[in-house]
Amino acid sequence: MSDWEPKIVAFLCNWCSYAGADLAGVSRIQYPPNVRVVRVPCSGRVNPLFVLKSLENGFDGVLVSGCHPGDCHYISGNYIARRKFATLKTALEFIGVEPGRVQFSWVSAGEGEKFAQVVARVTEDVRKLGPAKRLVKTIGGGQ
Amino acid sequence: MSSSLRIAKPDLDQLVSALTSRYRLFGPVDVDGSTVLREVKSADELALGAALDGSVKAAFFPQTETLLTYDGTVSEAPSGRDKPTAVIGARPCDARSLLLLDKVFGTGKYWDPLWQRRHDDSLVIGLGCSAPLETCFCNLMGSGPFDAEGSDIMLTDIGDAFVAESCTDKGERFLKTAYKSQVQRPSQADLDKAGEARSKALASLAPAANYSGVKTALAKLWDSALWDEIALGCLSCGACAYLCPTCHCFDVQDETAPGTQQGRRVRIWDTCQSALFTKEASGHNPRPSAKDRIRQRVMHKFSYFVDNYGEAACVGCGRCIRLCPVDFDVRVVLERVIAEGRRTKDKERGTKKDVRHAG
Amino acid sequence: MLLKDKKADLVIGYERGSSKRRARPVVIRADKDVDRLIFDDTCGPSLVPFARKALRATPLGTRVAVVAKGCDGRALVQQIAEGQFKRDQVVMIGVGCNGVTDHRRGASGEKREASCERCRYPNPPVYDVFVGEPVAAGTGDEFAGVAEFEKLASADRWAWFEHELGKCIRCYACRNACPMCYCEECVVDQTNPLWLGKSAERPDTTLFHLVRALHTAGRCVDCGACERACPLGVRLALLNKRLEREVRERFGYTAGLSMEATPALATYSEEDKQEFML
């Protein structure tokens, strides 16, 4: 377990956060390699079920990131997403999933530096929490 | 020859430990006010007084069961033979249901090894029903609150003790070996009390209605508008099927861990009340509406099962009424079926034969 | 009277069920059958799923009258707000409700259900006729139970949910009894892809109930039909109640009070709080 590294999935919107991640890359900004990126058209595309499935399938943390308020390519996708995230976060924490497992951020296409910081922060939070156990489905491990 | 003995309630633990040493024992356990079947280790876990909400079928046919596990090319059935299964506190309706399920899973051309393995050397300790509920109708389905069918040993609650009687050779052998020395025989007073409990229970049940006409009536009612009416009172959930001691339909799923070749094939209870139950890969669903599905449930229990196995797939435990969220009452359905069947005979003779079959 | 005057084509209400402690939903079509209708504290199941069923099964223009206690009236209002049917398709027969009892947890007149104890809307917000007298709304903090639960440590809350959802047998009685669960195809019935495992083990059961709670967030009227429907007594409503509070505090929305307001999770405000965003 000592060599355990947090495994984090990041759902990044195509127009801002994904481009932000790209900028972090081309700018050669260092950030932890723990995150696997899934590009989505908009943060509003992120069904809370994606987050739950990620946890169920063994990700230790989930990051969802979209355009800053007012910057959404689809005008209001991120505003709708913000309401969904607030509800999802409340539900997860209420049933006892550790705060910090699931996080949300706004990262614009120009914020390569911020993207690296967000990833570092989420990775550190999840590392402190340790491997995810709650909601994780183990298959093949018997009943 | 059946033998009987007296087990004082504080001594029930002796029986339970005799059982657990030889068997994997299941019995009714109280969980937050519901009585469910769980594996038990000692007598004080048991809630023998209450009516069991889940049925005893789960001891032999669990809701979720791994059939095999795989990892790439290797696949294997779960290894290791469990201890044989025993159930304590099965009401006569539940005990009888195991015989019906055995017709499906344990005998005939197709049999289920998992069921057989558990059921064949099992021991069922029945518990007579001293206080049948308003929803009980075992007497209408051909048994009674103290019917021994399906039980190896039958317990009768006589207040401070149980009278235990063996009903089969297996039960007899178990009692003999479990109670080698200090056997307490029931006194005449005990036996009188047991007899009294029996006649009181019988008297408390609703007078026997006659459901013998159900099957003939059903044969005429496939296209009847009655099903539309009946479906109006049903939510199409699966509570009845999952609590039913004789419902036995299941689904098989392969669950593979994402990104690996590791997984398991798992058998899970399924219900004909779910639209998904009959949905085909093309998207077509031969039972698209609630009407089709509730008809299937009634037909399967009271017509197709009779065709296949000679009796109805209902033991009258009444769970489907008692625990139905909207008080759907199968007794009322059967009465309406009989009445509608009579009317249909008068009006149109020779309704076209139903060629669709159970599924 | 509604039937006689042709103000409604059928009436959905309650009749006495299999015992005097139970009521069952009934569809009344003829004036002569109206005497079968009852209303008392045994009338627990929500009639809204039955009203939907009747509306779908009958030709357009059919007017369905529904006996609506406070929560059921709110659920009807919410469905109208969500565009499920038009106001004039239903005739709401309002009744004041003093709370319902569960036949498994005591006789009629004994103990009211938890959702009724905290109910603040015993009368429907909208109705066409009102039968009997309106009932005074309860006072006190309806979220007291939620607040109490939140005092527990995260691990203890998790343990509680694990215990509760471990009882679930996936019969979907909660979903089918729920006035707000009306999706044509529930996510648990989708197989391509198969989103949720079908077993009765955790976390499959946990995920199902979590998804259901999220999908009813801001829409749930806390009628408690899910808990009463559950054959094994899983306490489902607590999470819904927590989300109800979140939606009210954060977005200023309470389900089932307005036929015009856009449901909270179908809209947004630029001013929504976002203290949780990185």
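Order as written gives the chain letters A, B and C; numbering starts at 1 within each chain.
Everything that follows uses one rule, which is that a residue touches a chain if its C-beta (ideal position, glycine included) is under 8 Å from a C-beta of that chain, and two chains touch if they have at least 3 such contacts.
Quick caveat, the model's predicted, so the values are computed rather than measured.
Visitor: May I ask you to sort the chain touch graph into line, ring, star, complete or other?
Guide: Complete.
Visitor: Between A-C and A-B, which chain pair shares more contacting C-beta pairs?
Guide: Greater number of contacting C-beta pairs: A-C.
Visitor: Between subunit A and subunit C, what is the gap in Å from one C-alpha centre to the other?
Guide: 33
Visitor: What is the distance, in whole Å, between the centres of subunit A and subunit B, each centre taken as the mean of its C-alpha atoms?
Guide: 47
Visitor: Can you list every residue of subunit C that touches 2 or more other chains, as numbers and ranges?
Guide: Residues 197, 201 of subunit C each touch two or more of the other chains.
Visitor: Could you check subunit A for residues that touch two or more other chains and list them?
Guide: In subunit A, residues 143 touch at least two other chains, as defined above.
Visitor: I need the residues of subunit B touching at least two other chains; which ones are they?
Guide: Only 64, 255 qualify.
Visitor: If you look only at subunit B, which of its residues touch subunit A in the complex?
Guide: These residues of subunit B touch subunit A: 64, 66, 69, 71, 78, 255-258, 262-264.
Visitor: Once bound in the complex, which stretches of subunit A touch subunit C?
Guide: 48-49, 52-53, 56, 69-70, 76, 79-80, 82-99, 103-106, 118, 121-122, 134-137, 143
Visitor: Write out the stretch or stretches of subunit C touching subunit A in their complex.
Guide: 149-150, 154-161, 187, 195, 197, 201, 203-204, 206-207, 210-211, 213-214, 217-218, 239, 242-243, 246-247, 250-251, 264-270, 272-274, 276-278
Visitor: Mind listing the subunit A positions that touch subunit B in their complex?
Guide: 57-58, 138-140, 142-143
Visitor: Can you list the subunit C residues touching subunit B in their complex?
Guide: These residues of subunit C touch subunit B: 17-19, 22-27, 45, 49-50, 53-54, 57, 104-105, 167, 169-173, 175-177, 189, 191, 194, 197-201, 225, 228-233.
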